[in-house]
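Scrolling down, you'll hit the structures one after another.
The two complexes that follow have subunit A in common; it is paired with subunit B in the first and with subunit C in the second.
And now, the complex of A and B:
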């Protein structure tokens, strides 16, 4: 009996080991049918709801928008078709007519109609989409959505306060299946929305509260079974992976090569690097890796990197409410002391390029907007110019060390966060360079990014990292420098108000306006606000002015422009987009929709 | 029987008090943490390409799931909800119950912890007996040194060693996750095999980092028991070696139950390191993510579940102690 038990146990162990080895090998020989991607954090409890921050609705795969932004540096209104096959925008930009893909169907076979778009717009109001604010008189707000016919829908913007960002905001609306979602949305939702927008003050307030409550209810809801108009539908999800299966009803199903997509959880960089080193990932979103890691990844058979410009820049930003950093000469002097190429080499060697000019724009954005570089100061390393600037600020040099006018040491405290290695390494290099130039610089790291952001917003830091140039729209780009963080707040009805340093989230503490040689008195917040309202040709002039202002006033020293680095593997699929393609700034599901990614011939 | 019930009632009262203390402590400790969940979420959305206005609107919803009111009001509200087993809503996965978030991870962690405890306990006790009986030989010395060595290696180092050996140098086990998603779920061979293969290394990491303490304790316990009169009596009565070993092992096992109970708490705590290393989606990963997002509800729920697990394990161990040790069962009376 005992012998039998031992034998049975041994057999079970052998079977387990055999099955284990089968399982391991199967994952490495998935063939050309399954595309493995890394996109975002996965949460198996998350609803299939694109509005939830943790969602099992993946943009470009089973979540569809009206269009896919090309994210071009100069025109945020350029889109690839998605659910909208085509569209017309009225000359004044207040009326958008969308034509739905004639063959668009949901995965359960029902056609995508105008009613789906109208219901989607109602949900967008509840979830607070920027083009769908249920507040009367909102600049750039949608005031009506009309179903013209089954395949045509008209969106109307608030004509009294139009914004040029409205079109892009509408086009990035998620399209939801009305026959699935309508049970969650009151049938009189459009009456409520209209009351919120046009009713008396009391009625509007009640309606807004109703819509807010609906938003809170809807955000945690999702259907049990995925119904998608995208190229894939969610089959199942575990706590570390999601499996999506090709949607045969997708309007461009012929373009979609993979029969399945596995999306792996984006836990941390080291996990992704390990997967890349095993050659298991067919397409990954941007991953920050060191040069040595990059070399190892590219040494793996089939691994390649496709890269393009990224509308993101890492900058050291000053808190100008702290002395002596309120003095522009101090900021300029520091800019002259820092070799940004060296900082980039240390901090972001594999996926960063030293920013050519501290102007609030990446190199690609400067080129795209046609900003004349002849008028911009590159702040190349020049200790003599730095000394001149420091002396103009009243700083003194004694024994090779710079001191404040009162004789105390001139100290530059640089704050970083342990969460980002590139920032920490970069900050250490900046400190070393400044110390070599006689400036007492020290680096302190916050324990994590959440703590860093909270302390940053509280104005606790003096010099700290900040992501700038976050485009693609020029308005978004300069909002990072001349938005709420620097005291300028856009009212819902348009117009901009400025808060003093330390109030209403103003942690940068810059003065409301400054005199700049050749430009006169400039209020950068007002100019930034105008960027959301004027046509592209006028935006170009404002961008040039803001670039010059930023370059002169140096509220931040741009260190490097990030490079949008996507890892792909050509062992199972080919036909990836080329370097610098605008589609690289969209998920791989969108690449597939646009005809990229083909199964490799065996 | 009455003694047992009184004992159990005492345990339950103490457990409830302990849970209340931990709930109170973690409630305030978590809220003292620096970091703003709304700011973190806003930044994340902007960096994902959302316009500042849209990100501001989207994060506005988060406020609806954040606790409001004074600290005391929040505390009273929290305790009231706790009495109804309501841990609140997650701000990480907006609107989803925090308890659902935690329980999803908990089932995987409990599986790993149980597997790790069973393997380490079995390995540790058997090798501990051998190390004690053959304490004067090379085998005994080797086992003692091995036990000390493994006992000294932290769990996360053990995890990294296993990852390097079994997924990089000799890639026979999967790198991460709890199951291969391409395998159809259900009670079928491939799915079970996939579960086992994914859990093997994390469970082994638990087991290898814990068996050393069982081995060393069992060894010293057996050596101590070997000198007892009943062992000599058994030998004089001519009992077989196997019978004598059984006597010795049963008596020597008693101190291990104390360690056993403590180990459970240690292993739940270790889940943070081991699950992070293997990207194994248990409670440890849930806790790490909730801390990163400053998801107070999920953090509270995770800490409480870990506390409850440790308390329950201690009660169970204590009751088992009663069952296996007649002296405890009889309230300390001498056994006739």
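And now, the complex of A and C:
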């Protein structure tokens, strides 16, 4: 019943995604105390390794990146300083010079240097980061990392195939202590990387295999004792919580108010709500709750909610390899039958807003990218228009029920997962609305999200729930609809290739191109790929085109835009970020680094 | 000496008196204790609910999201659910799946378990060894985990599938118990006499042994219904099964997931299926008491 996990997962998918300035009363950054947070699932056996999926390296607390993304709707390259105090990006976007915080030290007292960044980049290559692919000619790939001096490092992008996503991908690189990790990494790793990138075909292949094997080895490794450059270090971890202690060597230690942080295990929604009802949580990541739960939580002394835009949307997506959903008129007809406001009210009443247009963008993204809504169809409920669309698809109505051209019942099997209650509730409402309109809709829930994703990728579902609009970059947003899941994969040369439905992970099965009135023949995968290569003003035009295409072709019906809703408690700490602050999309550890969260004066 | 044997003809209603005797006997047993009558009434009500109830409501129950989690009122006797659907309607329409699946599962358990138990116990030797090893295997299979695994393969979209899966995995203990009773019975004089008369195995099993194990079997049939209701509702509650049917387990699951236990809002939505399960269990337990006496002459008080 991890309803909350929908958005938590979504935020994790948003690469660097993770409050009313609650009080202006006197506060102190040196007040100490224990800050209790909900962040992620805790695994006591997991390594202290940020690349491991089950990790005890918590972003913003004891795991640091070069910078913290602001996740701005239209500019993914906006960052707050982290280990990088400042940086310069060359005008052509291919050279990034990073200046390390002059006072940055590891928790064991050793300084953070350029060598740490170089070692971190090597590990990133081993783990296959998008900016660190050890494949020759990779578009948007890093081709070299140079240590200029102890506090300055230069990253070079593949100048022949640059991508505008490269900068953000480099800035979100985890910074690891070289003196701890170097024993795990061969001393000639950079020779291997250079061979993989520039060697002869045979040598490059051997080098790539070596790097892949290293990645497999490193992913399961972690030091016995945490050595962190972040504001906290891991002291101990149990099955229910992790205890982190303030790192006195942190470069901005004065800004960090709590002496300790307890991160409670993100077990399920019910557990979190119970903790919130007890007033025990000082700060939680996104938690989706029903309106009655929200009222109850806010009635607890000190509890407050701070919320902001979230680049995440819940949508019903079609597998167009299954008939009759390959017919655009069927998809449009269904869009006309579903009252999205009602679905949102049932599924995500407190932390969702009905999506205004099925266009692959949240309302905030439509506004941010300046997409004209005059040309977009809102698909307001209209049974007459739905009937027209269905009839154009050859469907027939008999006795109030819609049937396929061959007379068989028109059935809409909707798949969701029991893990996400907002999806199951929303799906039930969609089914009820379609049934009332004479469409035989059925809802089935997979037992857990992992199974759901596996079956989804295997193309087993016909109509299923899917997170869309996952920003912040325009490329990421539309890559969700017109990426690998729909058959378009990025080639190393910077172009895209399209696979047929059912192959190479294509479970959405959309046609490679479609004719759209006013747009002509559009290949959405190619357009999406261009988003990663062109400057912002051109991106704007492409976004508008893709929005119009998506709105016309309806590969997915956007139900609601998530609201990034964080719970905080002002009994022990104050000075939380205000509503709509971009930092809300980062964990509370980052809030602290940026000067938010102060101990409440007693 | 010639012994005249009267053979019933096809037109003679030979079983009618026996059947009449059963129902008359049942009625007499029920009347002896008011609790038994109460049990029979409760079970009858649920049977009627499962058979007739769904016809009283439209196939697609209306929703009213503006009236979600409403408390009991004149228009909604048991309140409403998360999308404003009448809980009483959900309870009534949801009863059929639960009851049909449980009855099929119980019938499957009793038929398979009794058949194997009787045959193994009477024949002994090789067939007994083979059947009991199979039975042991079935008993050792952890039921709930197996069902969880099977749920990834089957969608249990209808009660027949659900009932069969539950029944096929649950007959082991009945088979063992019936076999034990059969082993004891086969040494009794009347069985030896039947064998001495050269009566067939089928005849001995059906006509001599089965009536003697019938009380146990009948009790198991009823008790199994409650066990299987718990099991299937539990599976739906855990959310591992599709919830495309109105179902008591789905109701409980949705109520809990929507925070009813934390906020108290929509409590009737949560309590209704729970009370229904409780009432049905109570009814069956009370009825078992009566059935025990009906099937077991030694318990009769008159």
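Throughout what follows, the second predicted complex is superposed on the first by the 570 of 602 C-alpha atoms of A that agree within 3 Å, B and C clash if a C-alpha of one lies under 4 Å from a C-alpha of the other, contacts with A are read in each partner's own complex, and residues count from 1 in each chain.
Note that in this section a residue touches a chain if its C-beta (ideal position, glycine included) is under 8 Å from a C-beta of that chain, and two chains touch if they have at least 3 such contacts.
Since this is a predicted model, take the numbers as computed values, not measurements.
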* Asked: Just subunit B (first), just subunit C (second), both, or neither: which does A:169 touch?
  -> first
* To do: In the overlay, answer first, second, both or neither for which of subunit B and subunit C A:451 touches.
  => both
* For A:436, select first, second, both or neither according to whether it touches subunit B, subunit C, the two together, or no partner. => second
* Examine A:377 and indicate which partner it touches, taking first as subunit B and second as subunit C; both and neither are also allowed. => neither
* Structure fact -> Larger residue footprint on subunit A, choosing between subunit B and subunit C, goes to B
* To do: Check whether A:274 is in contact with subunit B, with subunit C, with both or with neither, and answer first, second, both or neither.
  => both
* Report for A:241: first if it touches subunit B alone, second if subunit C alone, otherwise both or neither. => first
* To do: Figure out whether A:206 sits in contact with subunit B (first) or subunit C (second), or with both, or with neither.
  => neither
* Please indicate which partner A:490 is in contact with in the superposed arrangement: first for subunit B, second for subunit C, both, or neither. => first
* To do: For A:342, select first, second, both or neither according to whether it touches subunit B, subunit C, the two together, or no partner.
  => second
* To do: Identify the overlap between the subunit B-contacting and the subunit C-contacting residues of subunit A.
  => 274, 447, 451
* Structure fact -> subunit A residues touching subunit C in their complex are 1, 3, 269-270, 273-274, 277, 289-290, 292-293, 295-296, 342, 345-346, 418-419, 421, 424-425, 428-429, 431-433, 435-436, 442-445, 447, 451
* Structure fact -> subunit B contacts subunit A in the complex at 33-37, 39-41, 43-47, 49, 51-54, 57-58, 60-62, 64-65, 89, 92-96, 100-101, 104-105, 108, 167-168, 171-183, 185, 189-190, 192-194, 196-197, 200, 279-281, 285, 289, 291-294
* Asked: In their shared complex, at which residues does subunit C touch subunit A?
  -> 59-63, 65-66, 68-69, 82-83, 85, 148, 151-152, 155, 157, 238-244, 253-254, 256-259, 261-263, 265-266
* Structure fact -> Within the complex, subunit B is touched by subunit A residues 15-16, 19-24, 26-27, 30, 34, 41, 43-47, 51-54, 69, 71, 127-130, 133, 140, 165, 168-169, 212, 215-217, 219-221, 236-243, 260, 262, 264-265, 267, 271, 274-275, 278, 280, 312, 447-451, 453-455, 457, 467, 470, 473, 475-476, 479-480, 483-484, 490, 585
